[in-house]
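Should a chain be cited, it is by its letter among A, B, C and D, assigned in written order, with residues numbered from 1 in that chain.
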Amino acid sequence: MNTFGKNLRLTTFGESHGPAMGGVLDGVPPRIRLDFDLIKVLIDERRTGTSTLVSARKESDTPEFLSGLSPEGVTLGTPLAFIIRNTDQRSSDYDELRHVYRPNHADYAYDVRYGIRDWRGGGRSSARETVSRVVAGAIAMQILRQYGVTIEAGIISVGESGELPFREKMAKEGRFDFPEELAEEMRDEVERARRDCDSVGGMVGCAVYGIPPGIGDPVFGKLQSALASAMMSINAAKGFDYGYGFDLASSRGLATADTFLPPDEPTQTLRLTTATNYSGGIQGGISNGMPVYMRVAFKPTPSVATEQATVDDQGRKVILGVRGRHDPCVALRGVPIVKAMAALVVADMLLETEGRK
Amino acid sequence: MNTFGKNLRLTTFGESHGPAMGGVLDGVPPRIRLDFDLIKVLIDERRTGTSTLVSARKESDTPEFLSGLSPEGVTLGTPLAFIIRNTDQRSSDYDELRHVYRPNHADYAYDVRYGIRDWRGGGRSSARETVSRVVAGAIAMQILRQYGVTIEAGIISVGESGELPFREKMAKEGRFDFPEELAEEMRDEVERARRDCDSVGGMVGCAVYGIPPGIGDPVFGKLQSALASAMMSINAAKGFDYGYGFDLASSRGLATADTFLPPDEPTQTLRLTTATNYSGGIQGGISNGMPVYMRVAFKPTPSVATEQATVDDQGRKVILGVRGRHDPCVALRGVPIVKAMAALVVADMLLETEGRK
Amino acid sequence: MNTFGKNLRLTTFGESHGPAMGGVLDGVPPRIRLDFDLIKVLIDERRTGTSTLVSARKESDTPEFLSGLSPEGVTLGTPLAFIIRNTDQRSSDYDELRHVYRPNHADYAYDVRYGIRDWRGGGRSSARETVSRVVAGAIAMQILRQYGVTIEAGIISVGESGELPFREKMAKEGRFDFPEELAEEMRDEVERARRDCDSVGGMVGCAVYGIPPGIGDPVFGKLQSALASAMMSINAAKGFDYGYGFDLASSRGLATADTFLPPDEPTQTLRLTTATNYSGGIQGGISNGMPVYMRVAFKPTPSVATEQATVDDQGRKVILGVRGRHDPCVALRGVPIVKAMAALVVADMLLETEGRK
Amino acid sequence: MNTFGKNLRLTTFGESHGPAMGGVLDGVPPRIRLDFDLIKVLIDERRTGTSTLVSARKESDTPEFLSGLSPEGVTLGTPLAFIIRNTDQRSSDYDELRHVYRPNHADYAYDVRYGIRDWRGGGRSSARETVSRVVAGAIAMQILRQYGVTIEAGIISVGESGELPFREKMAKEGRFDFPEELAEEMRDEVERARRDCDSVGGMVGCAVYGIPPGIGDPVFGKLQSALASAMMSINAAKGFDYGYGFDLASSRGLATADTFLPPDEPTQTLRLTTATNYSGGIQGGISNGMPVYMRVAFKPTPSVATEQATVDDQGRKVILGVRGRHDPCVALRGVPIVKAMAALVVADMLLETEGRK
């Protein structure tokens, strides 16, 4: 199905080359004055990524809000519906694809699943679907603002660039400052892939600051379970970990235990911190008040600017020519989407505990 | 909440030191003759792990079925409820813990969340909760049998042992034979951790064979999204990836494209295979008929046989003594739980497409 | 929340005087060529009711489909989103209402619930919301067509007109032919209410033919439970019963037992009918193959063409003048909505059993 | 499925003649000291109904709690699981029924749905399933207590006894005192049915006092929608209405408008009452603070002490003899179940707004 969340519920719709993309975000608390600039910033971040390295469609992607807002732009507590018209569609780019299964794409699996597919640009499996998530995520961030929660994310590796010390800093120093610009070695990796008419994978790091302790459920509703589900629903995502993640599999327990620190002075409500944060701010599925951080691994996009041998829907060998736009590194556009999904998850969990008032 | 799944729905209950653990599995198709031996095998696998390396409680953990079965042991299509009595409880082991927050445990987060907790053995956050998942997973496997789906899993690394070539074999040869015994270097890692009164992390690999193509939904209901959510709901799991996973973040697109192979001879329904399987059997969230494989990273358990400094629920420093049983490597017991969760997810998705009849 | 259904899931959005009404219908099986005429027929039925007796807004209410369809108008299996622009809004009709709580309206309850409301025309609680249900219901009917299920409905009483022998015919003869025109005594009741600047209640009967036996779940998922929930979610609905309904409370068991009839000739699959159908086609929550029929009671609309004393949002007495359009009998417009909701429920349940393929 | 509710979620299990009935109630707030006496009172009310008029099984029906409670009986915020062993089963009463479809029972529909059924006593469709609802409902009542919400219910008609002035009193005076004993004419109706080896229907009225205004959602989550779904999920229930209900279909708007009363003195938060309460405490799906009241119509039970002609699972005519216990009026036992379901719905909605803390 196309709905995500329990208390804050996003339903997205739209095919890449249909009339419009859009979403309905239900459960937004009433009386929030929407910050449309923040929405635009996140949309632009998704659309252009780091400028020259991304194959932007020409749409401005301005959402039209159809419901849920007072004339003054204040949320009513009712579902917020928004649409983004598809205008730069170039369907003819895709004529060749009507009967061809592109390697590593959803084309074949779709045909088995549905017996029909919108072959123009991948239909529903197009990365364009994520524009709706970004709009909804920007609204979720405004809910989170009221609780003092903020989210930061950035590219931490591209191809063989090596990984920024994101987890080390988060575990030991409690924060990581994502560089404003893509590091040179990463930029080189992208450029090399483009020159080779190839693509390259990458990794996104994401940190959430200010989550109050006590959010999340202990068994199937673990905070990390919802985050993993959210991140793995992003196109091209192949892996997720949080806290010290996969490296904990090769670690010892005593060296990575996050020791509780006694509070400096007595407080009415006991609030603890830990000396380190290998746990990633979650223990037993429930937030402990320390920053939550995670990584998402993105595969190299299967759309490359090179001819590829494949099979058509009659089972015949065909050579797939080079068409249309290509992103040499889709991870670059993953950053705002990772932030958006993190915002949706955390806001959903906060509303679970806080109620919808 | 304590419910997992949509069409095949598991609700678990029980505190580690309460009267019983148990679960209700709803949505099991009618007319399946339950194989109680299979359930017992999986329970034993969880309980004892690889024998001497695991601190088994003495319970035999035989589930009592309370509903959903005919007198002949055939499913009725109604909810299957089962309970496992807690008998080997040693609550006195835990007296010291009534007011203490163990490092890296859920104790503190629980207290913030609920304002009350069952401090005897971790209550609901105890790994004992997973016994219910194993029973349900064994039933899910019997549903999957009817569709020809099988699941295998095993330890692929412990601490710094190095990783078995699980993904390489799966991507290039289409299967991996998990060794029957834990490799010597892994066994050494466990023993060293035990000797050091410490604990060590590990990694579980899991492969699902025989999933028909066309299972899963393209957006939020992606097969990998449900698998990630399931795996990250397991105690001590810190990371998940599928297919070539995190290594795809450092890969190029052409080198890891899974080329479609034309069928050997024409068939009524087109069924394709791919030359390699870096994708891990899923494209665009939907199975493509190739094996699905994944890794789950487990952290070193925070319960160690060493004194640790921590804080109590008044915010005072305390020294936590050594108590009770300790597993030097909880990943060892993770194997049947990973299999069980994979079975629950895949069966749920199959029933989504196939209907409940 | 604003979502209805499990396998066929409708999310509606839109305020009466906002930019648009609309909905997202998820779970529609792929490869159905939509019959847009059927959609239009149902929309018109809702809009005009029985012509002169209903205060139609001037909108033509043509839905724009934004997703889920191939260029040829065939469903893709992905969410169908549609919007209907609000054009005939006359917000100035409502200026007086900004701070006033109309009697028997949702105004006051809304203000307590949300602390904000769109006072222009009732916002989300306006009957206009049901236009989205009618569009979705017309699509559900096209799913049902594939299974041979048809739905009929009509007015069976208005005010004190007396009740058409709907249930008697359904119970004893197996069908009821709704008259094409509103009976004269009902028409008189409506006209009298209008002349008195008052409103009047009414009752809708609905019959569903062709539901295969075996649909519905035995406990909380009873077919009648879902139907009741659906019908009671319609504005102004105050009561629901099915089969012989409330009259069974004053009946004897033997006189209303539906005797099974042996099949005329042996068939592979046993399919039974009953001599009478007091049960209304459902036994133990599951359809038995006989027609399902139900009644929905509608209250007289609280909007009347008479001055009324009420209270404003400062707790002060105010006199509410006469404004805008008034429907003397909202039940008349309830007919297509009852049909739409019945279609959504039955299609959802069919897909539960049949799967989504 | 066998789960009811969203924030307070009851899953029931158990066949009438299997090992046990039971349920899991998830979402109960932590730190409530359970009142086991209240649970027992409601169980006894269900079991014995009005004493001599009901065919009680001999079980004492004492639930065993398996989880969710501290040793002191205080809720932990984790799922409460409970079971009630089936001890008085008399399966032999049912031998005759193995291949017979009883008229108006679920037997045939079950066989079509599942292809297998527990023919001993109706299995899952037995009224015995409701014992789990009563336990859960009694716990829900204890949640409601904290908010000052109370629930009362009683029989308001049996057969042709005439109806107590329940709705009149509720609409005009704001409360109804259910008589402690069944009125004589109702008792006579039951006795006459028993003497005739027949059964008779009846009606239950239910009033909920103290619901704060602002509970419920405006569209599909209307409070009345959830109540209707809950009530229609009770065995033998055939109709539901709330407020003035079906009689509003024959009423005029002005005569049944609930005029708002200005508050006696200004208060910080505006809280209004209405002069009458035809609405039944709900406007636009949201509570307005006035009492919520409703009726549930129960059919005469199809189990009668008279021979009946029917059909077996081979389609052959058979005569069904008289077996086992018979309740001449199942409505009598419906009272505690109606209360329990009302408590579950209202507590669920309260937790939606208030959050789970």
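The definition used in the following text is that a contact is a pair of C-beta atoms (placed from the backbone, for glycine too) under 8 Å apart; a residue touches a chain by one contact, two chains touch by 3 or more.
Note that this is a predicted model, so its numbers are computed, not measured.
Chain pair with the larger contact count among B-C and A-B is A-B, by C-beta pairs in contact.
The chain with its Cα centroid farthest from the Cα centroid of chain C is B. A straight line joining the Cα centres of chain A and chain B is 25 Å long.
If you average the CA atoms of chain B and of chain D, the two centres end up 39 Å from each other. The distance from the centre of chain B to the centre of chain C, with each centre set as the mean of the Cα atoms, comes to 45 Å. Those residues of chain D in touch with two or more other chains are numbered 1-3, 12, 78, 113, 124, 218, 353. Across the interface of their complex, chain B is touched by residues 1-4, 12, 101, 103-106, 108-113, 122, 124-125, 129, 157, 159-160, 193, 196, 198-203, 213-222, 224-233, 235, 237-246, 248-254, 256-263, 266-267, 270, 272, 274, 278-280, 282-289, 297-302, 304, 306, 308-311, 313-317, 331, 353 of chain A.
Those residues of chain D that touch chain B in the complex are listed here as 1-3, 9, 11-15, 18-22, 24, 26-27, 30-31, 64-70, 74-81, 83, 113-118, 123-124. Residues of chain C touching chain B in their complex: 78, 218, 351-357.
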